[in-house]
Amino acid sequence: MRALVAVMCRELRLAARARSDWLMPPFFLLVVVTVFGFGAEPNDPRLSAFAPAILWVASLLAALLTLERLFRADYEDGTLEQMMLAPLPLYLSAAGKLIAHWVLTGLPLVLLSAPLGVALGLDGADVRVLVAGLALGTPCISAIGGFVAALTVGLPRAGLLLPVLVLPLIVPVVIFGAGAVRSAQQGLPVDAPLYFLAAILAVCLTLVPWVLSAALRNAVD
Amino acid sequence: MRALVAVMCRELRLAARARSDWLMPPFFLLVVVTVFGFGAEPNDPRLSAFAPAILWVASLLAALLTLERLFRADYEDGTLEQMMLAPLPLYLSAAGKLIAHWVLTGLPLVLLSAPLGVALGLDGADVRVLVAGLALGTPCISAIGGFVAALTVGLPRAGLLLPVLVLPLIVPVVIFGAGAVRSAQQGLPVDAPLYFLAAILAVCLTLVPWVLSAALRNAVD
Amino acid sequence: MWTWFHRLASPPHFFRLAERWLPWVGVTALALLAWGWIGGLVFAPPDYQQKDAFRIIYVHVPTAAASLSLYTLMAVAGAVALIWRMKLAECVLVATAPVGAGMTVVALVTGMLWGKPMWGTYWVWDARLTSELVLLFLYLGVIGLQQAFEDARAAARACALLAIVGVINVPIVKYSVEWWNSLHQTSTILKLGKPTITMDMAVPLYAALVGTFLLCAYAILRRVQNELLWRERRSGWVAELLR
Amino acid sequence: MLKIDRLSLSRGDRVLFSGLSLSLSAGELLHVRGANGCGKTSLLEALAGLRRVASGVIRTQPDPLPLHWIGHRNALSASLSPLQNLEFWAGLHGADAAAADAALAAVGLKPAVRKRAVRSLSAGQKRRCALARLLLQVRALWLLDEPLDGLDADGIALMADLLRAHLDGGGLVVMTSHQMLPAALPGVRELALDRLGSS
Amino acid sequence: MLKIDRLSLSRGDRVLFSGLSLSLSAGELLHVRGANGCGKTSLLEALAGLRRVASGVIRTQPDPLPLHWIGHRNALSASLSPLQNLEFWAGLHGADAAAADAALAAVGLKPAVRKRAVRSLSAGQKRRCALARLLLQVRALWLLDEPLDGLDADGIALMADLLRAHLDGGGLVVMTSHQMLPAALPGVRELALDRLGSS
């Protein structure tokens, strides 16, 4: 337990050192939405129809930006080797990193999505669904993304391979997440997609740490 | 001149070594557009209205993913120092890297945008405008992005600061680019926005290498 | 001319100069703002079609104008800092960014509040509004970049470069209303020649305008002073100042 | 106790060495020597269990033998301070955080240096940080790859003391170094990895 | 000819050294010594023009004096082969690509090694690649930071030959090293950077 805390606290410290680091993904989300609004026709009523898709894709990409960094530095400076030789089982250290990653990137996006949803013209109920969906979805993104990051950590320029591997895995999450909001907009029941999201999340939490540590061992040798 | 070629050819080799590296941005574009199609309602007629925005934003982000990598490796392994001490003026080596970056990320996107535009339901004339816009716009993205990459190269986790600094600077390009397609869709004249793009490009090509090398020197000291 | 320039640029001299002028700047700013706002919010006649909603103009326009001017100032300071390697300019640059950001935020918020009654919505993705939002991001970008550095001078130089490149956005904001068909109205007050607005509305507005600029000047000068004290904390003049 | 039996390693399609047999008992230091690229680092990695062996066996007693590993790379995060880096390792090894500061002091980093970002440290100071990990917790086996790289004269003396103390305490050390080892170390045994056939 | 006059350097708010004056003429090698963190690397960076000096002047003749710089880091791209790395530098320096292979051979890298990704090389092999840059083109001033790090015995001998040849050709060398310099180098001068005041 102490060890797990040590891992997470190191992650947070690293983020804190990289000054306004944890500010960036939400900030990034903001900018993307803006650029997007710009790309779209000014004051386009159809914007609200696309709002869920825009927000989900944007938060997906914001998370992606940070994923590559998850293990690369540790791999390059030899920290990963050391972690494997440490008494703490690797899947726990990995879990610690994932949790920290979600707190740093996922959580802010969840909190930010509400105002942005309003800005893009969603009404109250839809926003609640959007937030719920993101709250369930972003941990999945961190987990799955972390797994792929572990797979690709050894490879040169993994950063480019990464999104391409992650996105397909994440697509279901996005479908259910954005789908939920859409059904809400059309007044359809929204619990089915949300339950699906919860299910995916449960699977991720149970499986990912193990496969992830396996992937890491494989990468180092 | 020989030296400039040497720089570019090294970049291309690095990309070639990092296996399917140069395949990634367009691939990424593909996936984003797909996810987007998913996120949106299946075969939504309104998709074509948003096609320009989607394509522009996607190619913007695809380029962004590769930008952080532009100088970081060279900075960390000391290559950048060596470049500054080399007889070739820094702004030329920088220009070489930028050109290579565009060939590797911008060009494929330009070529790919045509089929994707069609897939998203644009008609022939609009697609031509879209491609023209991207052909003018992606070099600007490489140049401006390269400049910001140089600004942030020394910093911890520059990768997160980078997009936030780049996107606002790029917005005008996206406006004109996506705007052109929109006016085309509405049958309005498109040369004005395209001329604007050309103007921005000209400014970038003339100014960027200098500010960029200044930023690099600042980062190394 | 040059000697004056250099004397102004010397931190201790500038510090004392600022110390002498700051009270006056502050007082005039407050006086003008009081006049402008009381005059505008109380005495000016209600607009014949906007009724009282238009009174936001007395906050909105000055702050919006300031948001643009301050960015330009930042860019100029940046250029000076890069060309003459002048410490003072670096300080002005980093001191201006947060103030400008604040002005931009106020302009955005007041604009949105005004938008609700006028356009029936808080926000539309229209050229003027979005480019103003981009301006805010540019300010925040400069702040973020400055914080990411450990060495103050390196930070200032980086910010200078960014500010200079980002200045292209200012004309876009300013003329977006002419270039694109925009909900936002075009220049009527802040344009050369005869403004198209009745005098008893305009005069308080100009007062508020000047007042806002002076207020910004005050804030910036204070921040520059702090920056100077911090940077020169090991030099003699600071020591004797604090003694 | 560490026992290597007919070990052979290969990288890619190249066989580095084969038929390496030796056994190391408590209080002994194995100094692995050999030309650049003869496989010293690879051997240490194999002993640490980081690299698969082509053939042969590595037996330890107890199994697994708790070990410290210091590689060519320092395994420090550049943006954290030495202190924070070591506190992290202390936490990971279940040692207490107080040990971290003591360890850094022991390898001769001044308090000011302990609190600055590792990025700003000099090469030797970084190496000292890495070595400080050895002091966080008692482990029987030390695997050190070029530990003396970048250390100044008294850094080397300091390392000698650490080694001596560890060996006297019945520890085992396998280390590589192109330099002469500091004299007067107990139980030193040399292994010329590039002359296995001949010897 | 290199002339340093009352040079002082500082990092952050710490003054590394001040009042360093010396002049180095053709055929001389300056061996900068000193404890870890005393400022050797910083001095070399200043000489290379990579770091601003706090005060004092560095004069060279001719100005600028063409130089080779080998830092702690090797400046090699891990995913390229040594050969490709050197071809790049050759191109950048305007030397011809053929020189690259010759240089690598001269530092004792076997043909097979020259074509493999640098990532797969051993520490010493990487260091040799970095040193090979010195042979790409004749430059009057060599600035070498710990060039002997990670080199095996004959790597050091090889480096000694390079230095001797360069000095005999009237070149200048400023290098740091914690090890003894190979004997029999002409025109060696020692500078103890951490004892400037006393000396």
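For clarity, chains are labelled A, B, C, D and E in written order, and residue numbers in each chain start from 1.
Assume a residue touches a chain if its C-beta (ideal position, glycine included) is under 8 Å from a C-beta of that chain, and two chains touch if they have at least 3 such contacts.
Being a predicted model, the structure only gives us computed values, none of them experimental.
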Problem set entry | Most distant chain from chain D by Cα centroid | C
Exercise. From chain A, which chain is the farthest off, judged by mean CA positions?
Worked result: E
For this session: Determine the centre-to-centre distance between chain A and chain D, using the mean Cα coordinates as centres, and give it in whole Å.
Result: 38
Exercise. How big is the gap, in whole Å, between where the Cα atoms of chain B centre and where those of chain C centre?
Worked result: 32
Exercise. At what distance in angstrom does the C-alpha mean of chain B lie from that of chain A?
Worked result: 24
Exercise. Between chain C and chain E, what is the gap in Å from one C-alpha centre to the other?
Worked result: 50
For this session: Send over the residues of chain A in touch with two or more other chains.
Result: 14, 17-18, 20, 24, 27, 31, 34, 38, 40-41, 44, 156
Exercise. In chain D, which residues are in touch with two or more of the other chains?
Worked result: 72, 78-79, 117
Seminar exercise, completed: Touching two or more other chains in chain C are residues 127, 130, 134, 137, 140, 144, 148
Exercise. For chain C, which residues are in contact with chain B within the complex?
Worked result: 82, 127, 130-131, 134, 137-138, 140-141, 144-145, 148-149, 154, 157-158, 161-162, 164-166, 168-169, 172
Problem set entry | Of all residues in chain B, those that touch chain C in their complex | 144, 147-148, 151-152, 155-156, 158, 161, 164-165, 167-169, 171-172, 175, 203, 207, 211, 214-215, 218-219, 221
For this session: Would you pull the chain D residues touching chain E in the complex into a rising list?
Result: 11-12, 14, 34-37, 41, 72, 112-113, 116, 120-125, 127-128, 146, 149-155, 178-179
Problem set entry | Residue numbers on chain E that touch chain B, as the complex places them | 48-52, 66-67, 69, 71-80, 84, 87-94, 117, 133
Exercise. Which bits of chain A are touching chain D when the two form their complex?
Worked result: 2-3, 5-7, 9-10, 13-14, 17-18, 73-74, 77-79, 81-88, 93, 220-221
